[in-house]
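A, B, C, D, E, F, G and H are the chain letters, set down in written order, and residue numbers restart from 1 in every chain.
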Amino acid sequence: MTTGEKNRAALVGIVMGSDTDLPVMTEAGKTLEKFGIAYEMEVLSAHRTPARAHEYATSAASTTLPVIGVPMATCVLNGLDALLSTVQMPGGIPVATMAIDKPGAVNAAIFAAEILALGDEGIARKLVAHKEELARGVAEKNARLQKQLSEKK
Amino acid sequence: MTTGEKNRAALVGIVMGSDTDLPVMTEAGKTLEKFGIAYEMEVLSAHRTPARAHEYATSAASTTLPVIGVPMATCVLNGLDALLSTVQMPGGIPVATMAIDKPGAVNAAIFAAEILALGDEGIARKLVAHKEELARGVAEKNARLQKQLSEKK
Amino acid sequence: MTTGEKNRAALVGIVMGSDTDLPVMTEAGKTLEKFGIAYEMEVLSAHRTPARAHEYATSAASTTLPVIGVPMATCVLNGLDALLSTVQMPGGIPVATMAIDKPGAVNAAIFAAEILALGDEGIARKLVAHKEELARGVAEKNARLQKQLSEKK
Amino acid sequence: MTTGEKNRAALVGIVMGSDTDLPVMTEAGKTLEKFGIAYEMEVLSAHRTPARAHEYATSAASTTLPVIGVPMATCVLNGLDALLSTVQMPGGIPVATMAIDKPGAVNAAIFAAEILALGDEGIARKLVAHKEELARGVAEKNARLQKQLSEKK
Amino acid sequence: MTTGEKNRAALVGIVMGSDTDLPVMTEAGKTLEKFGIAYEMEVLSAHRTPARAHEYATSAASTTLPVIGVPMATCVLNGLDALLSTVQMPGGIPVATMAIDKPGAVNAAIFAAEILALGDEGIARKLVAHKEELARGVAEKNARLQKQLSEKK
Amino acid sequence: MTTGEKNRAALVGIVMGSDTDLPVMTEAGKTLEKFGIAYEMEVLSAHRTPARAHEYATSAASTTLPVIGVPMATCVLNGLDALLSTVQMPGGIPVATMAIDKPGAVNAAIFAAEILALGDEGIARKLVAHKEELARGVAEKNARLQKQLSEKK
Amino acid sequence: MTTGEKNRAALVGIVMGSDTDLPVMTEAGKTLEKFGIAYEMEVLSAHRTPARAHEYATSAASTTLPVIGVPMATCVLNGLDALLSTVQMPGGIPVATMAIDKPGAVNAAIFAAEILALGDEGIARKLVAHKEELARGVAEKNARLQKQLSEKK
Amino acid sequence: MTTGEKNRAALVGIVMGSDTDLPVMTEAGKTLEKFGIAYEMEVLSAHRTPARAHEYATSAASTTLPVIGVPMATCVLNGLDALLSTVQMPGGIPVATMAIDKPGAVNAAIFAAEILALGDEGIARKLVAHKEELARGVAEKNARLQKQLSEKK
C-alpha cells in the first residue's frame, strides 16, 4: 500500500500478490472509503509472493512514496513467515508493517489516512470523528455489560 | 516516533522508554539530520515498556499523528517479544512497525522523511539523493568485488 | 485484573480491552463468585489492545495495587504474541501473568483469592475447600478409570 | 517465591532449583530489602528443574499462599522453554509469572511487596516512594539527554 | 510412564495429570496390550500439570525406574509448551521424551517394550513381529499405489 | 545412543554424526564410567546429520534396541531445529529424546543406566548412590547459602 | 524427489514416507505431467519419517542426483518441525527445500522441470509457456477486479 | 544462485544483496572451484534485502533457470526470518532453499554441481570424488577416536 500525492486521482494504491488476499485487503478499501480517500487496487503479476511488500518496496525504490505492508496469515505457519518477511527490511528500504490479516488491513488504511491528514484538514476531521466513534462503541458495550452485571445481582 | 506538522519546530518526536534505547535511536536522529528534518528526542516516564510504541499510540490516540515503532532486541528472546508487542496492534490503533534494532531505527527515520516529503519538495529531493547515494555505494562495492575476482584469475 | 483493599465494595477489578474477551474473562468472574469475592468488570476505551495488561499496569502505576494479566489467544499467532506482550514487562512494573485464555482466567481469579486470603480467613477457608473439591474430582475420575480397566479384564 | 502471612518471621520465601540461579534471584532479595521485607532463600533438592515454580506450586498446593515464578534464561532456547513451563499452568494451580531473568526477579519482589502492602501501610508507603524514585531517575536521564541535544546545536 | 521390574504384576505405569489425556494415552495402553505387557493407568491429583512428566520424575526420583514422557498438544501453543516442559530436564533427571500426542503415546509404549525386551525374549519376539507387520503394511500401501499409477497410464 | 544386552562387551553404543559433537558426548561417556558401564563410541559416515538419531533409529530398525537421542545446539537456531528433528518421530520408531546439549548427554547416560539397572543390581546400587550424591551436593550448597545469609545480618 | 538422467524411463522419483503424504505429493505428479516429464512415485518402508528427505539424501549419498525436499505440515507444530528437519542439512548433503505442503509440492515439480530444462529444449519451452499461463491468469483476475471496482462507482 | 547452461562462460551466478554476505558466499565460490565450475559473483543494488532470493527469483521469472537460496543468519532472530522469507515461496516460483549460513552456502554449491553433473561427466566424477573424500575424512576422525579410547583403557 502506498500513499500518493493529493493531485493524483487515487491517493492510495492497494497492491496484492494474489486474489486470495482480496477478502482481507477489501477491509482496507472500505476503511479508506469511510475517510473519503480515493484508492486504486490491483492484483500484481503471477510472480508476486508472501514477501510482496518487500519486493514492491524494492521496485518502487527510486520514488519516495511511503510503503505500508500487511502480512497475510498462512495456514501452515500462522502468518509468522509473512510477518517476518514484511517487517525485517534492511536499512534503507522501510516498509511500515501492520498487524497480520484483517486488523492489519484496517490499520493500514487508518495509517494511510493519518499520513494524508497531515496535509488535508478534511481527512484529519474524519479521522478524529472515526476515533470518537470507536470510543463511543466501546463505551456502549461497557454500558451494556454494566447493565447485565447489575441485573444479575 | 511521530511525524508532526510542518509549522511546529520539531517535525518528528523520538520517544524512548529507557535510556538503554539511546544508542539505537540515535541512529534515527542522525538519519533525520541528513534530511534536514528537525526532531525532538525524549526518554519517557519510568513506566514505559518494551511495548511502548503500543502505549504511546494509545495515549496519543485522540490525535491523528502517524506513529512509527522500532522494536528493541532483548537479550533473552532476540527481540521477538518486542516485535510482536509492537506490530500486533488491534484494529483502530496503527503503529507502523520497522525492523528490529538499528536497521529499524534508520528505516523509521527514512519512513518519516517519506511521509514529510509528500508535502515538502526539499525533503523529497534529499530522499532521492540519499537513495542514489545508497545505490552508488553498492555499485562501488560490486566494482571492488569484480576487481578482486578478476585479479584472482 | 487488580486486587483491591478490603474496605472497597469490589475487591477485584476485571478490565478488558474489547468485549470479544468477555467469554474468557467471565470464567474469572464465576470463579471469584465461588469464593464470595465481589468484583467489578469493565470494557475499557477503544484504544486498549492485546498488550492491555501492560498499559493498564502503566496507567495504574502510581498506585501499589497488584496487577494480574491473562493473555488472550489470537487466531494468527496462537496467543504467543499476547503472552510475550503481557509477561515481558521491564523492571519496575510487574504484571503477574497467567496461562493463555480460559485456564489463565480461572487461575487469575484463584490467584486473586490467594492474595485476599492472606488477610481474610473466610476466603482462605473457601480456597482450601475449593482445592479439596478439585482433588476429590480427580480422585473420582481416577476411580472411574480403575473400574473401567478392571471391567475390561 | 511465595508471600506469607505477617506473623511469620520471613514474609517471602525465595526458592531456587540450583545455585546457578543465585545471581538472578539475589536481585529479588535486594529489592525486598529496599522495602524492609524479611525473606528466606533456599536452594531446593537436586531434583528441582527449569519448571520448578511449577512443581513448587504443586507441592505447596494444599496451602493457599500465592506463588510467583521467575523463568531463568537458558543458553540454548533463550528462556522460551523456562517461560512456557512456568506460565502454562493448568486451571487450578496459578503461578504468577514474571519476565525472564533479572527484570523478572526484581518485578517478583515488587509484586510480592504490592501483595503485602494490601495489609501493611509501611510497605505501601515504601512502594510509593520506590515508584517515585524510579520516575525521578527517568526524569533526570531525560533532562541530561535534553542538555546534550541542546549543546549539540 | 515408567517401566518396572518383571516380578511386579504391572510392568508399566501410565500416569496422567487429567482425564482429558485419556484418549491419547489409551493408545499407549492398546500398544502395550499388543506386546502382552501388563500395565496400570492412573489419573493423578488435581495438581498435576502440562509439565507433569517433569514432576513425576522428580517425585519418583529416589527410585531408579526409567521415565518416559509424552507431551500433550494444547490448543493455544500447538504443544510446543508441553514439549519444551517435558524434554528440557536438568542434568540428573532424565525424562525420555516422545513425539507430541498420539504418535508419541504409541512410541512410548514401543519404547517401554524395547526396554523390557532386553530381559524378556517373548516381548523381543513380539516387537520384531510388530516391526515386520508395520513394514508389510507400508509395502502393501506401496503396491496399491503402483497399481493405481499403472492403471492410470 | 543404544543400550545393548548384558552379554555384549559394550552395553551402550554412543554414535555421533560429526566429531564436533565429541565435547558434548564425552559427558555421556564420563557419566557411564561412573556407573561402571562399558560403552563404545563412534563417529559415523560423512552423511550423518543433525537429525541423526532419527536416521540411526531407522537403520537399526529391524533390531529392538532402545535408542536415546541428544539434540546438539546449533548456532543459528539455538538447537530448536535439532530438538524437533530428534523428538518428532512418527508412530513406530521411538527415539527417547533428552534435553539439548550437555544436560541431555549426561541424562542420556543416566537413562541408559536406569534401563540397564532393571536387570543389574550393581548398576541399580550405583544409580541410587549417584542420586544421593547429587542431593547431598545441593544440600551443601544450600547450607553454604544459609551461612552467607546469616552472616550478612 | 530426485531428478534423474534423461535416458532412464522415469526422470523424477517421488518418494514418500507414508501414504498420508499422497494427497500433497500427487500435486507434484500432476505438475510434472503438465511438462510431459515421466516420474515414478513410491511409499517407502515403515521406518521413513518427517525428516525423510534427510534420510533419503543420506541413503542416496553415493550418487550425485539432486534431491528436493517438501516439508509436510503436521497438526501439532504447523510444519515448523518438518521444515527445520528438511532444510537444516549439514555441509555436504544438500536437500533443496521447498515451501511447506501443496505450494511446496507444486514448486518441487517446477524446480525439477527447471533442472531438466537445462538439457531439454522441449521441457524449457513448456516451462516458459507455463509461466506465461500463470501470468495471464493473474492479469485476468486483475482485469476482473478492475471491472468490479469501476462498476461499484 | 542460479545454474546456467554449459555454453555460457560462467555456469553459476552468485548474487548477494549486501557485501556483508561475502564471507558466507565465498564458501560457495570455493566449493564450486573444487568442482572446476566457472561462476560469477555480484553484489546487487542497494534495494536488495533479506528476502532477496525471493525477489531475484521473481525478476528472473521469465527465464527457466533453477534458483537456489541461502538464508543469512541475522543477529536478532537467529536466521529464522531469513529462512522463512526464502523458503515460503508461493506455488509457481520455486527457490531451492539450503541450510542457514555457511553450511547452506557450501551445500548450494554442491547442489549446483549435482544439477550440472546431470549433463557433464567431468563434474559428476569430481562430485563422486568429493563425497568419497568427505567419507574418508570421517573415517579418519573415527579411527583417531578409537585410538584415543583404547589408549585410555
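In this text, contacts are C-beta pairs under 8 Å (C-beta built on N, C-alpha and C of every residue); 3 or more make two chains touch, one makes a residue touch a chain.
Just so it is clear, the structure is predicted and the values come from calculations on it, not from any experiment.
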Any chain that touches chain G and chain B: A, H
Provide the labels of all chains in contact with chain D and in contact with chain H. B, F
If we define chain centres by averaging CA atoms, which chain lands farthest from chain C? Would you check? H
Check C-D, E-G or A-H against C-E and flag the pair whose interface repeats it, over half of the contact pairs matching by residue number. E-G
Using CA atom averages as chain centres, what separation in Å is found between chain D and chain F? 34
Any idea how many Å lie between the Cα centroids of chain B and chain E? 51
Distance from the CA centroid of chain E to that of chain H, rounded to the nearest Å? 39
If a residue has to touch 2 or more other chains to count, which residues of chain D qualify? 18, 46-48, 61, 77-78, 80, 88-90, 92-93, 100, 131, 134
Which pairs of chains touch one another in this structure? A-B, A-C, A-G, A-H, B-C, B-D, B-H, C-D, C-E, D-E, D-F, E-F, E-G, F-G, F-H, G-H
Help me check something: in the complex, which residues belonging to chain H touch chain G? 3, 5, 61-62, 64-66, 68, 83, 87-94, 96-100, 102-103, 106-108, 110-111, 113-119, 124, 127-128, 131, 134
Contact residues on chain C for chain A in the complex? 18-19, 22, 40-48, 75-78
As the complex stands, chain C meets chain E at residues 73, 78-80, 100-101, 131, 134-135, 137-139, 141-142, 145-146, 149
Spell out the residues on chain H that touch chain A in their complex, using ranges where they run on. 17-18, 46-51, 54-55, 57-58, 61, 74, 77, 80-82, 84-85, 88-90, 92-93
